[in-house]
Structure formats: C-alpha cells, structure tokens
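Letters are used for the chains, namely A, B, C, D, E, F, G, H and I, taken in the order the chains are written, and counting of residues starts over at 1 for each.
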Amino acid sequence: MNCWMFTASAMAALMLLAMVRMVKGPTSADRLVALDAVNTLVVASMIVLGAAFKQVVFVDVAIVYALLSYVGALFIAKYLGGEL
Amino acid sequence: MILNILIWTALAIGLFFNTLGIVGILRFPDVYTRLHADTKATTFGSIFTSLAVILYAAATYFQTLDGQYATLALHAAVAVVVLAITNATAAHAIARAAHRRGHKPVQAVVDRLEEHNQP
Amino acid sequence: MTPFLLLQALILLGLIVTGALIIAFKDLLAAAIAFAAFSLLLSIEFYILQAPDVAIAEAGIGAGLTTAIFLIAIRGTKRFEEKE
Amino acid sequence: MMDTFVMRHLPALLIATPLFAAFLMPLVGNAGRTVRSAWVFLGALLTSAIGLALAWKVLATGTVLYVFGAATTQQALPPDAAFPIRIMFQVDALSALMAVIVSLSSLGITIYSLAAESKQSGLETFYAMLFLLIAGVLGMVVTGDLFNFFVFLEISSLAGAALVAYRVDDGVAVEAGLKYALLSTVGALAVLTAIGILFAQYNALNLASLAARLQFTALDKVALVLLAVPLAMKCGAVPMHFWTPDTYTTAPSSVTAFLVVSSQASLYALFRILFTLYGHLVQFSWATFGWFLIVLGVLSMFIGVTMAIPQKDVKRLMAYHAVSQTGYMLLGVGVGLAVLGNAEALKTYGKTAMAGGLFHIINHAMYKGLLFLTAGAIFLRTGTRNLNRLGGLGHTMPWTMVFFMIGALAIAGVPPFNGFASKLLIYESVFRFSPFLSIIAMVVSILTLASFVKVFHSMFLGPPRAEFAEAREVPAPMFIGMALLALFVVVAGLMPQPFIDHLISPAVDALVDRSGYIAAILGGR
Amino acid sequence: MDVTQTLQTGSGAWNPLLWLLALAVALALALAIRSRGRKDFREGNGRKPFISGNEEPGNAGGHVPASNLYWGFLESLKGYYSRLVPLHTGVPTDYVAWLLGVMALMLVIGLTI
Amino acid sequence: MMTLLLLKLPYFTVVVLTLLGLAAMVFKKNLIKILMGLSLMESAVNLFLVATGYRMGGVAPIFTNAPSPHMTLPTVQALTLTSIVIGVATSAMMLSFAMVIYKKYGTVDSQKVKKLKG
Amino acid sequence: MKMTKIVRTTADVFYPFCLVFGLYVVIHGHLTPGGGFQGGAVMATGAALLIVAHAYEDITGRIRKTAMKILEAIGLLTFLFAGLSGILFHRPFMANWMAQTGKLFGNTVAHGPNPGDLNTAGLLPLLNVGVGIEVLGGLTVILLYMLSGIKEEKKP
Amino acid sequence: MMKIALFSAILLVLFGGLMYIAADLPFGSPPVSDMDDYFIRNGQEQTGANNIVTSIVFDFRGFDTLGEATVLFTAVLGVGMMFRKMKEGEEYEND
Amino acid sequence: MLSFIATALFSGALYLLLTAGSGSILRFWSSQELFVAALVALAVGFASRNYFSRNRQRAVLNPLRWLRGIAYVLGPFFLEMAKANIDVACRVITGRIRPGIVRVKSGMKTDMGTLLLANSITLTPGTLTVGIDEESNDLFVHMINVPEGLEARESIEARELFGLFDCPARVRRIAE
C-alpha cells in the first residue's frame, strides 16, 4: 500500500510550507509557532512512515520526538517571555 | 476492503486538516490566531493520520495475532496522546510568552489579561 | 521518481532551507529556532535512511538539549548580532 | 602468574588506569588534600610504569596486538573472515617510542603539578582533566583503528581546551581555550569526513586493513588532504600555528608541558598516516608529500624562531620555539618521506634523517617540557611572566636556573645535550639531500641560542630586584618533576647512541616497513 | 651498556665523551686563571674590584629590560616583522580561515598532480 | 546531470550544509553564531556518514520483527552515534566558554576577542 | 522564574513518563532502536523539563549537582568495570563473556528475525544501563552548570 | 574587501573538492560491504543482541563507546570548571 | 508513601503499556518484562515521588477516575474538538475573525483539574488558554471569535465555551 508514502510526502511538502512562516515571521513567536507546526507534522509523518516501512520499532522515535521537542519549545517560550 | 476505505478516509481527513492548519499559519494576522490554526488543526489532523495507522495495525493484529502489531498500535496511540498534551501545553506557553513579550492581539475586542497584569 | 526519492528530496530541501536560515538570521533566538527545526528534519532524514538509532539520538540531542544549551548561552550573552 | 596476567593486558590497562584515576577523581576529591595528592601520584606512577613496561615488551618481542573483545587478546581476525572486525591496539616500535615519551613526561609533569597548582580552586577537576589528557594522548599513539583514533583525538582536544581555560578568572585563558577548541573541532570534523570517505570506499576502519585495501583513487587524495592538514595544524606547523602561542601562554605550565607532548602525538599520527596508510603506493608521488612536510618544516623553523625573538612574555617566546622545533621533526621525517621511493638514498641518508626527526620528538618533549616547567616555577614565585620586569632570579632560585640552563642549551643544540645529538643527525643527512635546507636549519639553531641567551639574561642575571625579594627556591615536588626531565636531557645527550640503537632505529624501521605493519594483522591471509 | 659509543650519523660520528673531555680542560683552565687572582680580597676592606682597568660599576641601574636586547637585530629586520606580526591577528575566525586555506591549497595541488 | 543530482541528493545536501557551516565560521562575527555553524557542520558530517551506509530498499539493521534480512550498513550508524555525542559535548563546552568570555570581555564579537595576539 | 501552573503540572506528569520511557529505551537497547545514550538523553530531558518548568532555585534543592556528578561517575565506573570484568575470564578488555551462555542475559539467539527476548545479549544491557546513568547525570549537570552561570551573572 | 574575496575563493575551492566527493561516491549501494555483511550475518549469534547497531556500539566497537562516554565526562568537567566557585585571590596576572 | 505508591503504580502501568506484545502472559507480556516493570516502577517511583502527585492526592489512585478520563477524552472531548475544528476550518478559509482575550472562571480547585480544563480549552479550536491566575485558577482565554456582547462581561463560566457537552463538570468528576 503506497498511501503511507504518499501521505508522508504530502506532510513533507506541508513542512516546507510551514517554513515560509519561519522565514517571514515578523516576530520570534511566529517562528516558534511554525516550529511547533513542523514538530507536529514530523511526529505524524514518523508514525505514518513506521507503518510504511512495516517496522514496529520505528514508532519509538516518534514518541521520543513528541516528548522531547516539547522541552525545546518550552525553553524557547521561557526565553521569549523573559523568564529564563 | 472496508478497512482500506477507512484508512484512506482517515488519511485524507488528516491531510486535509494538516493543510488547513498550515494555511492558517500562513494566513492569520497575529501569533494567537496562528496558534489557533497550528495547535488545533495540525493536532487534529495528526490524530487522524495516526488513527489510520492504529486501524491498520489493529486490524492486522486481529488477523495474525502477532504481538508486534499490538505494539505498533499502542505505541502510535501513546505518541498521539503525548503529542496532544504537549501541543496544548506548548501552545499555552507560547501564547503566554508572546503576551509577556508585549505582542498585542490584533483586532482584539477585549484583553482581560492585560487588565489583570496591570491593574 | 519513486515516492521515496520525492520524500527525500522534499526533506533535504527543507534541510537546506533551515540551514540557510540558521546562517541568515541576525536574531540568534530565531537562529536557535531554525536550529531546532533543522534537527527535526535531520532526524526524519535519518529515519528514512533506515537509521532509527541515530534518529533517536538526534531527536534527544538536537530537539531538546542542544536547543536548551543554545538558549542558555544566548541568554548568557547577547541576543542580537552586532551590525556590521 | 600476576606479572604475566598484567603483561598480557598491558595495552588495555594503559588506557584503563588513567581513565579509572580520572573517573574516581570527583569522589576522591572530597576526601581531602592528602588523599587526593596520593591518588594523583599513584595514578601517574602506575600509568607511566605500564607505559614503560609496554614499550619494553614491544622492543623486546616485537609488535604487540591487543584486540578488544575477541576470544583472545591476539586474535585479530575472526575465525571465518579475512578482515579485522574489532578495535585493536597495534603497538609497534614507533608507538612504543611515543608511549615512552608520554610516560616519562607525564610522570614528571604530574609530580610537578602537585605543588605548582596548589593555589587554585577546583583542583580535583584539574587532575581529572590531566588524567583524561594523558589517556587521550596515550590512546592516540597506540591505537590501530582510524575511528578510535578520532575519538581519542577528541578526548585529548577537549581535555586540553578545558585545561587551557583552567585559570578562568582572567578571560584571556578562556579565549585561548575557545580558540584551541574551535580549531581542534574543525580539524576533527575534517578527519571524520576523511574517515567517512575511506570507510565508504573500502568498508574498513582498521589502519592495516585500510592500508591493504587502498587503491589511491582521487577520493583517497581528498581524504589524504582532509587527514593530513588538520593533523599538521594540531602539531603546530606554520602557517596554522597561530593557536600555539596563545594556548601555550595561558595554560598552567604543567599543562603546557603536556600540550607539547599532545602535539607530538598529532605529529605521530601524521607520520603514521603518510607512511603506513598511504606510503609505498605505486601511484603515489612521495616527493610531493615529502616536500609538503619539508616546506611546512622550514617555514615553521624560520617563522617560529623569528617570531620568538621579539617576544616579551617568556612562555609565549617558548611557545614560538616549540613551533620552530616542530619544524626540525617535519624536516627530518619529510626528507625521509621524499626519498621513500629511492631505496639507495633512503638507505644512505633517508633513514638517518628520519632517525633525527624521531629522536628530536623525544628530545623536544623533554627539554621543552623542562623549559615550560621552569617558566611555571618562575611564575609561581614572582607572579609575572614579563621578561621586562624579571631579573636577578639567579641569586634566589639557583636550581631553577640550572634546570633552565640545561633546557636552554639543549634546545639551542649546544653539545653535549640531547638537542645537539638529534640536530646533528638532521644536519648531516639533510645536507646530502639539499644543502640549502641544512644551512637554514643551522641558522635557526643559532637564532634559537640567541633568543635563549636573552631569556637567560633577563630572568636570572643581573642584580637581585627588590620586588622579587621574597622569591625562593621551588617546593620539593616541583623540583623532583623538573629534575626528572633534566636527568633525561643530560643522559640522552651524553649517550645518544644507545637511544638510537634501541629506541629510534626500530621506530624508523617500523615507520618505513609498511608491509610489516599490515602483515602483523592480516598475517598469511 | 657501552657508554663510550659514538653517535653514528651516516657520514660522520660524534662522541660526547670527547666533548666532556674538552669541557674538563676548559674548566681546568678557568680554575687556573682564577687561582692567579688576589686571594687577600675581602668584601668591605676598602679596596675595590675592577674590570679591565676600570672600577666595577655599582649594582644600581644594572637591570636591562628584555626589550632592549637585540634592538639592532629587530630594527634591521623591520620590514620583515611589519609583514609577519600583523598576520597573527588573534581573531579565531582568521585561524580557521588559515586552516581552510591550507586545506584548499593542498586540495588543488593534490588533485592536479 | 539532473538524475545524478537527484540520485545523490543526500551527498549534495551534505556539501551545501558543510559550506554553509564553513561560511558561518569564516564570515560571521558572533561567537554563538560561529558555534551554530560548527554544529551545522557536525550535523552535515553525521548525515554524510549515515548516507554512505544506506542501501536502496534495505531495512534498519534490527532483527526484532524485521521484515527482510536485506539491511543497511550498521557500522556507520554506530560511528554516527559516537560522533553525535562528541558533537554535543563539544558544543556545550564551547558555549560555556563563550558565556564566560562575555562575562569577562563584555562582548562575543570574535573580532574583539583578541587580547592574545602578536 | 516559574512558568504557569499548567506547564508545571504537565511537567510533573511528564517527568515520570520521561523516566519510564528513557528506562524503556535503555533496557530494550539491544532489541529496539535506542540504547544507553538515547535513553539517557530522554531521561535527562525529563530533568530538563523540570528545570524549565520550575524555578531554578526550586529545582536545585531537589536535583543536586553533586548527586548528579556522582551518578555520572557511578555510570562510568560501571562501564569500566563491566569492560574490565572480561579480564577475569581470560578474555580481553570489553569482551562479552556473558553472551550465549544460557545464564544471566545469556539466552541463545539464532540468526534471523525474531520477536526479541529481554534476557539476551550478555554484557550489553549492563553497559547500556551504565551509559544511560552516565548520560543522565552528565547532561543534567551540564544544564545545571550553564544555568548557574546565568544566575550568577544576574546578581551584581 | 580583499579578505572577503580571499575567503570566498577558499570556500569555492573547498566546495569543488567536496562536490567531487559527492559526485564520485555511490549512494544507495556501497561498493564494498564485507565487514558490515559479517556483522549482519554473525552479530546476532555472537552477541545475542537483535539490534546490530547496539551490538556494534557496545561489543564490536565497545571501546569507542568508552571513549565517547569519556568525552562526555570531559565536557561535563569542562563546563563545571568554567562555572566553578573561585577562591579568594585566585587571580592570573597577564601583562 | 502514598505518593510513592501512586507514582510507582503509574510508571509500572506505563512501562507495561509500552512493552505490550512482548510475550504470552495475559496474552501480552513476558515474565521478564513484568519483573523489569517492577524494578522500573520502584526506581521511577523513588525518583519522582515528589512531583507526580505533588499534593498527595488520593484521586490519582482511583482507577474509576482513569476510566472516566479515557471515556471523556474519547467521547465528548473528541466530538467537541471535531465540531470546533470545522468551525476553525471555515474561518481559515473565509478569514472572518473577531479575536479577544476573556476571563474564564474555571471553578477548579486542584492542579490536575486546572490542567485538564486548560488543555481541553486549548485543544478545542477557537479557544486558547493564554494565562492563568495563580490564586483563583481563573483562566484567560483567547477566543478567535468572541460572540457579540461577551466582551462586556467581566468573566464568563467555563461551560459557555463548550457547545455540545458540559465538559467542565466532567473534568471535575475526573480530577477532583
């Protein structure tokens, strides 16, 4: 079934689109929003690709990402709020 | 067959909402509204794409009774739950940081937080 | 063009874009955000190159800790590059 | 029983001992000063004893193999394959020479640092770092695996950079540390890229295995450049020497003395890659890379010594001399590399030139370390390194003066110290290769003497100065540390031929004998 | 161990013991000269030591700063130093650029030969 | 030419990223930015290492529930792991150096951090 | 400074989650992707989560630098001694003498895809745990030290 | 200005060299892979680990991992050294 | 002690969830995994007992609440989310927005309840928690479309934000 690969490719294209906001974003907060969107898309496409490659063990990577990029986003937000 | 249709539908819905979220990020005028588009639409879309994976894995598990597909489904579910919670909290943190930084909501009709912070 | 190559091309394009953004941004915070996005994309590239171990390591390091370390360093120094 | 047990696992213990000493240091550091000093002394003593024993074993019985994780320590190849799959230490005579250098100087330096660094805070970190640096350098010189070499290079670079920045309170040290770390990291990245290129083509990481498979395609040329240039940078060759004076000046003196050894290890790696990995290939024009080394060497000699003369900071001056002396080694071994294809020339003077270069490595590590240690002793007692302010210390610190004099005469190549012995070998053999180069080398030697006369005059001669009235002789551990190195300088100067026969000549043969290195692993297959 | 072995350089030889012998001779000469000096000299008995017929200058002002040494040498090589010293800028990026420059040069040389 | 570019896209990406990192190291003045360029180069080298070990259609070298025994090369992945750790260690240490330099010098401009020269 | 109650509560919930997941990655290092280093990084990120959500002053009371340093040293020594243990069995340093013996961590594995068994791979799980502890301690200490560098600067 | 031109030239040459690597190395089909094939064939039986990467990291190349852990330890010590508490009067004169 | 047990149980359950499918005990687990799960539960319980149930809430131990939580997430909450997503979709396409930040009385007393409510509000499209009053647990919610007349009121009730179900009440039953 090639639908997984197709979905993943579409999500990669969406990531590129989100990058437009990262380039344009007038403020850092906007860029952070774009990063958050990319993060969500990456996790989703990792799950999808895990099914595409038919390898169970790959989904762990997605969990790690969902957990960890959150910390990065929090650090950036804390800095942005002037609290770090 | 029905399974295939379900998977396709879930993927399509997921992709649709993801696209919508990205378009929202590009179109909306300020941080808060962009966050609306980002957090909700992309999370919702990702839930649906992952739902497709979970459906696929669960169906295969019940066909073959192979433990690895149960693992796949469970891990995907865990990832989605984690993603939803972290996204919500991260959106809150970003919005608060932006507000503390002094980004006013564009076209806002009311801003109670501003009043709360500076009585 | 197979779906695999398409996916890879899109992600590598994203890598180059974010890499250029890291260098181009004068605002170091924005550069750090771009670095986080770069790590995300690099990790998914490792993922589709069938290296999940490396992908997890890159996830743990790139998304969470390197961002944190860079932000602390930016907080400890200056946020903006000087004008030429 | 016990001794054979230890003897069998010498190469592993060589790395494990300093690592163990370093890892336990955060715990031992809380136990008080005496315990810490005893621990440091014990660790250094054990490490150097193991290093010397390993060198002795190698020189007595030939190349020692140690395969990590195999069924036996000697089993290089798996039973059903003709290529090595595990990391191994391949200690041949050249590695043994380097191990001797590292062991001797690390012992002297560690003993010295027990007293010299007593005023600072964070000492357990300092000693842990020193052990890590020793372990990194030892690993660099004994390993037979390219990627493992990279790891040890990084260990020594990071530990070196942190040690350079040890005296944080003044930002200058941190600046030097940052420069060192930056350059080392860029260099290490280039090395890693080269490893990637080689691995992608030949699917091997073992040096001998890679050497046996090397085809010398154009990609290999790129890899050679990416390997050789950063290593030349790490050993401080002009025009990539800029980090050397900065780093050597600001580091604590004991660390500086060891950084010299660390750059010798890079030099070793450079020679190893040029000779063992890339040497003796049909398509390879030896003269090109021989001349690369020679040009780097001559530039280093000349620019180093001329930059040294106007310096006011004593350690900075010595650092430029370190650059200049590195030039001699590059020149000697470069001549050997340039005539590698010419068996006749190699036999008549090439090997002598290489012996001179290699002998100069060990001599340089000893006398330069001694000089830096004396500079540290002066700094400890006077609090300044500025030559314009120093003076008249010969009245109050006579032993330091004697040690300085030994080191200075040795570096200037005045007989009968060891610097002369190695320089004589280089002069005579290089003269037969190209008289011009030999004359440059002699001129540089004269300039070296001149600048050390200046240092000696400004530091020790003249009437005693009032501001250094309370300067007195150094404490005992520092004295012992310096005496150890000075003893070697004198002994190696008075009887150089035993050193040449038993230590240097086997090393030269090992460097030239590429097929022997490969055969030690790949054997009959 | 044969201590008296000479250092073979391929085209010649050198024996450190001979040098030690020469040093000993020089030392003996020095002692001989010293023994011819005035033995009745004591510090502070009114008489002053002299060097080459002149009175020994006092210790005051005896400190010669290191920068004053080799002044002529540096002055004559001014053109050389004025080019060489500015290369040592102390800027970390320049250091990296030098490394990359040599690497690029060697790439060109290596790939063309 | 186009097909070559497309087929070896990872390598070309590596080249571009390395060049970007080098450009940052040579042309930029802010130390933090230079270190970001260095990290970028490290990532590029990691990508290069992993890309050299990829086999078309291979699966990850993990036998747990593996679909086929046609696997990508595992050694480069092990090397990359090591190199990632080394990279983060180096970055952390150099960033703390930069912080201390800012504390002492009041600037992170590399053109002004040059008390040691000559 | 603390972040809001929402973030703090999330961090409190996710901290054990990070630890459990990190331990899962560490313990299953020889079966699934991951291993000591990756799991340690995940655990360290859990600590980083606490650090970022709560105030630095609050968290240093609970997560101490000295304790983390000792943890790191313990991890490293575990690794070193696990490596040295091969010497006692007349094998070289770092020899995996426990694999395929049928005892602890010694279940035999044949070639080919299989669902995986936790009780295999000899010394590897031990080394994984050692590295995991080391990385947890090391990365946390790095973060704490760098944060202390910021806070110190603020005071005068 | 001169400097920028020179640096650009250097970068251009390096770009050329690196491009050469990229154009010459095959992607997707390593030319020689005997060592890795050995690992894939025998790693599982020799070490008992299903994950070949882990078996390489910790067994076949375990010594590298010790070095890697040491690097991390070094970095931790280095960072700690930078931000350590100074003693009174611990100064380093530089003139 | 209570907090330790709660954390240990939570982490053990989580570990078992992650390793499901490894063996045949209860169709899912192997014996080694169960053993390791106990170890992990002890270790993590020791390490994070002061964080997971900070206020020593007994509520965490109640399995009924967990079931209710899962039911809430899968049922009402998901439907709310779907409905509101379509709403936001329309707004993305048309671009009609009328944003504003309003004060919402949450009425929650515990941290966990506040968290659940805030996340529910955030994940429901159209509303986004921006800030929180630390004392009274009142939330400041950014609405993408403030209904007419709402901006004049000092504060609104939480259930007014949800259209179909009374989510705050359900959250209260789960977490308090």
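In this text, a residue touches a chain if its C-beta (ideal position, glycine included) is under 8 Å from a C-beta of that chain, and two chains touch if they have at least 3 such contacts.
The shown structure was predicted, so the numbers you read here are calculated from the model rather than taken from an experiment.
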In the touch network of chains, how many steps separate subunit B from subunit H on the shortest route?
2
Is the C-beta contact count larger for F-G or for G-H?
G-H
Round to the nearest whole Å and give the separation of the Cα centres of subunit B and subunit I.
15
Report the inter-centroid distance (CA atoms only) between subunit A and subunit H in whole Å.
26
Averaging C-alpha coordinates per chain, one finds the centres of subunit A and subunit C separated by a number of Å equal to 11
Which subunit D residues touch at least two other chains?
19, 23, 68-69, 147, 151, 154, 158, 161-162, 165, 168, 170, 172, 174, 178-179, 182, 186, 200, 203, 218, 222, 225, 245-246, 250, 389
Where subunit H touches two or more other chains, by residue:
7, 10-11, 14, 17, 20-21, 25, 30, 33, 35-36, 39, 42, 44, 50-51, 53-54, 57, 59, 61-68, 70-75, 78-80, 82-83, 94
What residues in subunit B touch two or more of the other chains?
35, 39, 43, 67-69, 71, 75, 78, 82, 85-87, 89, 91-93, 96
Once bound in the complex, which stretches of subunit F touch subunit G?
60, 62-67, 69, 81, 85, 88, 92, 95-96, 99-100, 103
In their shared complex, at which residues does subunit F touch subunit E?
22, 25-29, 31, 34, 110-111, 113-118
Subunit G to subunit I touching residues, read off their complex:
4-6, 8-13, 15-17, 19-21, 23-24, 27-28, 50, 62, 115-119
Okay, in this complex, where on subunit D does subunit G touch?
9, 12, 16, 19-20, 23-24, 26-27, 66-73
Under the definition above, what is the set of subunit D residues touching subunit E in their complex?
178-179, 182-183, 186-187, 190, 218, 221-222, 224-226, 228-230, 232-233, 239-240, 242-243, 245-246, 285, 288, 292, 303, 306-307, 309-310, 312, 348-349, 352, 387-392, 415-416, 421, 424-425, 428-429, 432, 450-451, 454-455, 457-458, 462-463, 465, 493-498, 500
